[in-house]
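Just below sit the structures, each encoded as structure tokens.
Presented sequentially are two complexes of subunit A, the first with subunit B as partner and the second with subunit C.
For the complex of A and B:
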């Protein structure tokens, strides 16, 4: 069986201790919360930290509650808790569904929302054992020089694979990051970068404390659609998160569509807001937004299902998502 | 009465059989152990004193020359006891002996450890045995192997083409063997036909993927004798193979089998088992080998196949001729190639009356993980081919596929082929129950068109069906079982038929209890142990209920006669006047406990009888090994497919097998259910993917087994029970029938919905769009 390599396990008692340890240990350390992605990747040699700093049991990372500014979700809450939470299920069914669609019940019991938001990017040439990667000569994401998907590419093309991040970005969520220097609040969408290796702009010494879904998102309709081969277990090979606000006259006040698994970062479809906001939502407009979604999707031959299929489905899923929010569902 | 099957399996939403016996209502005898974690599998067995741990180094290449192996540093690594590779064989001949085959003379082609080259990714190159697993794995990293990569070939058709890389140079070709089956006059058959059609279907290679890894064992070679704890389906056969390999007498090898965590054909001796045995002999200590997941995936696989048929039909729909060409891809070594090719050849005609037949099969080497036997060996691939062919031909003739099948299917009593029983099942009943199971009248949409999928609903409804036929309880010689009754009246059954998940031990306890009419709680069923020399070919080929069941039944009948003789001797009367009724010996108006009679034997007196079952001998010039009965199934499916995206929604599925008589209804039904669930995997997801010269999805995450959400909510499975089988109490083997019908039923339903046909497995949304011409 694959065995874990040796490492130091550090169990801080507070977030302060955690950020200090992270700052002190530098690049040799990694954070671990649920460990559902970290430990298997250590067994396969994709992650090779000397130290693991555990975020399990940190009180500061717990809690889901209503606040003046919106809904606060502690980064250490499990995906099961998020998917079952009363307020989330009521106001943000897209988030509950996205959390519930991750992997399997056992992994959702362990895995956290914070871990999922910053889950490692994925690629068929990277998510393999050391033994396998060694035989193909490794790729640039770990131990190698070139991209095996597109050998001419100067950057890594691994795929953004979080189910919850597109939903949170479409809801305009903010992330609260803590380091030894203090706390900062930033739009979650700004924390992603379209690079399979450096896919996050979160600083190496920062810990995600929690996520805030702003007040104005309450009452907006939202939905998440996920493409994968099987009914559960699989990572998304396309995810479409859509949020929409329609007034009594049927006019769209707010619209946002965010895609996952079509690039190394969640992709915002700008046409959702530019074309829909201020207008009455029609099937024709939705089709135009759906076309735009497909256009900015660049799936490659490094995940399950054919890349042309995933691109085509970006259009279909965007259309389905928007039609369902606009009440124009045509049973498709 | 309560339908226990439904309650226990939790899969069906419709009811199966209404009336149950009290045996059906009892949980399986292994259930408590398994649910509470008490059941011991190979990795749960305690270490023997001084047990050492082995770790394996596998080839990262699918095809390469081994230039050099340097294990100097590994040998010096802390805790290391020994290294095994081609340089450290200590005179052991590495060549593995293939089991003799009824129809072919096979040349041995595989070494248990790579010698000159590696022929598939995952081939065993070296092992380290150390005081603990971590030390062994650390040392493994210090072995330096220099390879010279060679071009690999992963497609059997390409492997046969001129200029293809040759795997076994001494053979000069990748063609391993050819097989054929024929009757009638094929040219005459096509002359009689009004129309002739050609159809072609392919199936990929796949993995068995049992929950328990493949390739683990605990080996103890001591004083010239081998003790082996092995998760296997056939301990008696394996024992003699290990003895032959080591050059010792068969009775010097003792194989014991703990509970086995699933097999589906994969739990056979593999090179890693032989390596563990060699290492134990080398260090004089027991060796435990626990394969990694990646190694488990690379132990064996299922054969990919190409099925090409030419079929002749009269204007009224009567079949006149069938000519099939098969290419069977066995991977890097023979392994199960002969059986897979032969089974495919003798069964590619389906279950129909075909007066003029010719089937040819070629078995071919490729650089894939070697393919062994898999649940319904050679039958999954050919059923996919012939059942889609029948549907397609019927539709092209303008005949409803259900009517076409009714017209051509073999009926009870029909002659089938030389050396086989006549048809002994009722397909018309099977088909009717299958279509009724999904609430369908069986009529297909003869003019489906995806053009109607316009702006409205893009989801198109389709229904389809498929039949299957497999030889039941084939070959294997005699099966023996022993029944012992002690002075307390407890009956012990000994046998060599492993409990591999399917419920063999429970089955034997029911057969013994019913035969003797003693309470089931008085029956003990032992685990297999070859020290008790009771030959049996193994739990495969649907032979356990039939062959071992009959052997247990026979042993218990004999035991009963012995008991009656003894009772007559002690208490009077004639043996034939005695009866056993609910555990008590009865004669005229009197009754006695069993203990009361047996204790007259004195001391540790017991009654002991060996029973057996002999399979029908193979007839001369027959392509079919002796078999006891035929094993059919029928399935129907109701689905929706999206004409825009190719997405499938399975609405209802139904499958009916012929059990003759289900001896423990929940277990039998679990076989039907489990087979169909595996079938959904084969139909929709599973295939091995080779890219960049390597196996890309040889792990539990990327190799996609179906999950519960992929199984339709409405899942109806049932069995015909006419008590007409040759097994105990009218039973038949049927565990390999439900797996094969899923894929063709889906393929036919997709056609019913859209008017296009996917001809390669798995059936994916991308392929559906491709055949729709939408890419």
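For the complex of A and C:
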């Protein structure tokens, strides 16, 4: 049986106490919310923090509400709450579906949206027990020197695996981060870096307080398609989030496509906006965007199913997502 | 670091001293002696360790004891209604919903949670509710059947 190693457990009573603890303890400390990514990884020796700072029970991280600026989602809300929330189901079915497609019913009662946005990147050579990794030889993401998937690579190529982040990026969500220095707001998309080890640009002493989906996203159609082997539960091996706004004449006012599990960060497909915005959406245009999505997808042999298949599916899923939003659904 | 916590465990108020990093599953099995809850994987994949925490099913292999002060916990040992087995337990026995039985406590906890909310689920809804519970023996058909039969018992008897 895998055992949880010992660590020092800190339970702050306020966000202020949490940011102070994080700043004081530095690199040896790690935040934990639902723990559904952190505890399994500690048991497998992938994470080895000396101190855990728990965000559970922090009231500042709770609440989903309509505000002047848009829809506010507290980072500490569970995935179950996010997927069932009336306003989210109504305006952002893509987000409700993405949250609902994460892990299992039990885990969604524990796992939070904040934890999901910062969930670790994944790789078949890394998501293993300590014993397995020791036997095969450690890789640079933890305890080793080289990449076992691409030995020539100078960086880790583990894949971005959050289901909700591509949707939130596609909706233009902003992240509100708090540290001892104060609060800052940044586009969520800017918080990711295409590096399997250092995959977030969030400062080490920052806590995500919540996410704000801006008002202008309210009327936009949105969808999330997830590829995985099992229907019951599995991490995405491809995820396509798309958002679109079409006026009465069938002209596209806004379009965005964001992919996950094709790189170490969620990938924006620029062609979605450059080719579709201001035009009447046709199947031909959608095909061109779908080709572009496949082109920037670089799946490797480090996740479930063949990488060439995942690359081809990036095209198919992008086409399906855009066709469904444009009402041009034929193949389904 | 040890901490004294106050719990409601299967309806009874309990006070216990635990190290913060002790997992709820280990607390239940090793310290309190309630071994009905099983450890399959320890990493959130199998659902054998499912218990209710404040009314919601969770994987007890991933819950820290240090977070449990004031919590209400129900385990498989708390499923009975007085001396009687709960309808989901009766139906699993009647239909052969268990073979080795290792997944069964988790299956029962999720089945009851589903039927509490929805006493007339479709097969699809049952499969969805049990999607986080793995069974290596039965092939699931008899488990699904047992949940359907338990639903009938509950609807007929209006047992909650």
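Heads up, the rule we're going with is that the second predicted complex is superposed on the first by the 331 of 332 C-alpha atoms of A that agree within 3 Å, B and C clash if a C-alpha of one lies under 4 Å from a C-alpha of the other, contacts with A are read in each partner's own complex, and residues count from 1 in each chain.
Operating definition for what follows: a contact is a pair of C-beta atoms (placed from the backbone, for glycine too) under 8 Å apart; a residue touches a chain by one contact, two chains touch by 3 or more.
Predicted model, so just to flag it, every value in this text is computed and none were measured.
**Q** Taking subunit A as the common reference, can subunit B and subunit C both be placed on it without clashing, or not? Answer clash or fit.
**A** Result for subunit B and subunit C: clash.
**Q** Touching A:11 in the superposition: subunit B (first), subunit C (second), both, neither?
**A** second
**Q** After superposition on the shared chain, which partner residues are touched by A:106: those of subunit B (first), subunit C (second), both, or neither?
**A** Touch partner of A:106: subunit C, not subunit B.
**Q** Regarding the shared-chain residue A:56, is it in contact with subunit B (first), subunit C (second), both, or neither?
**A** second
**Q** Figure out whether A:234 sits in contact with subunit B (first) or subunit C (second), or with both, or with neither.
**A** First partner only, subunit B.
**Q** Kindly classify A:148 by the partners it touches after superposition: subunit B alone (first), subunit C alone (second), both, or neither?
**A** first
**Q** Taking the superposition as given, does A:2 touch the first partner, subunit B, the second, subunit C, both, or neither?
**A** In the superposition, A:2 touches subunit B and subunit C alike.
**Q** Considering only touches as defined above, state whether A:309 meets subunit B (first), subunit C (second), both or neither.
**A** In the superposition, A:309 touches subunit B alone.
**Q** Which partner does A:131 reach: the first (subunit B), the second (subunit C), both, or neither?
**A** Touch partner of A:131: subunit B, not subunit C.
**Q** When the complexes are fitted on the C-alpha atoms of A, one of 164-172, 344-352 or 668-676 in subunit B overlaps subunit C. Which is it?
**A** The overlap with subunit C comes from subunit B residues 668-676.
**Q** Overlap of the subunit B and subunit C footprints on subunit A, residue-wise?
**A** In subunit A, positions 1-2, 231-233 sit in both the subunit B and subunit C interfaces.
**Q** Tell me, which parts of subunit C touch subunit A in their complex?
**A** 1, 19-21, 23, 39, 42-44, 47, 50, 53, 56-59, 62-64, 66-67, 110, 127-129, 131-133
**Q** Where on subunit A does subunit B make contact in their complex?
**A** Touching subunit B: residues 1-3, 124, 127-129, 131-132, 134-136, 148, 229-234, 304-306, 308-309, 312-313, 316, 330-332 of subunit A.
**Q** With touch defined as at the start, can you tell me which subunit A residues reach subunit C in the complex?
**A** Subunit A reaches subunit C through residues 1-2, 4, 6-9, 11, 35-36, 39-40, 43-44, 54, 56-57, 80, 103-107, 109-110, 231-233.
**Q** So in the complex, which bits of subunit B are touching subunit A?
**A** 58, 60-61, 121, 133-134, 137, 213, 290-294, 455-459, 642, 644-646, 685, 692, 694, 696, 698-699, 701-702, 704, 706-710, 764-766, 769, 775
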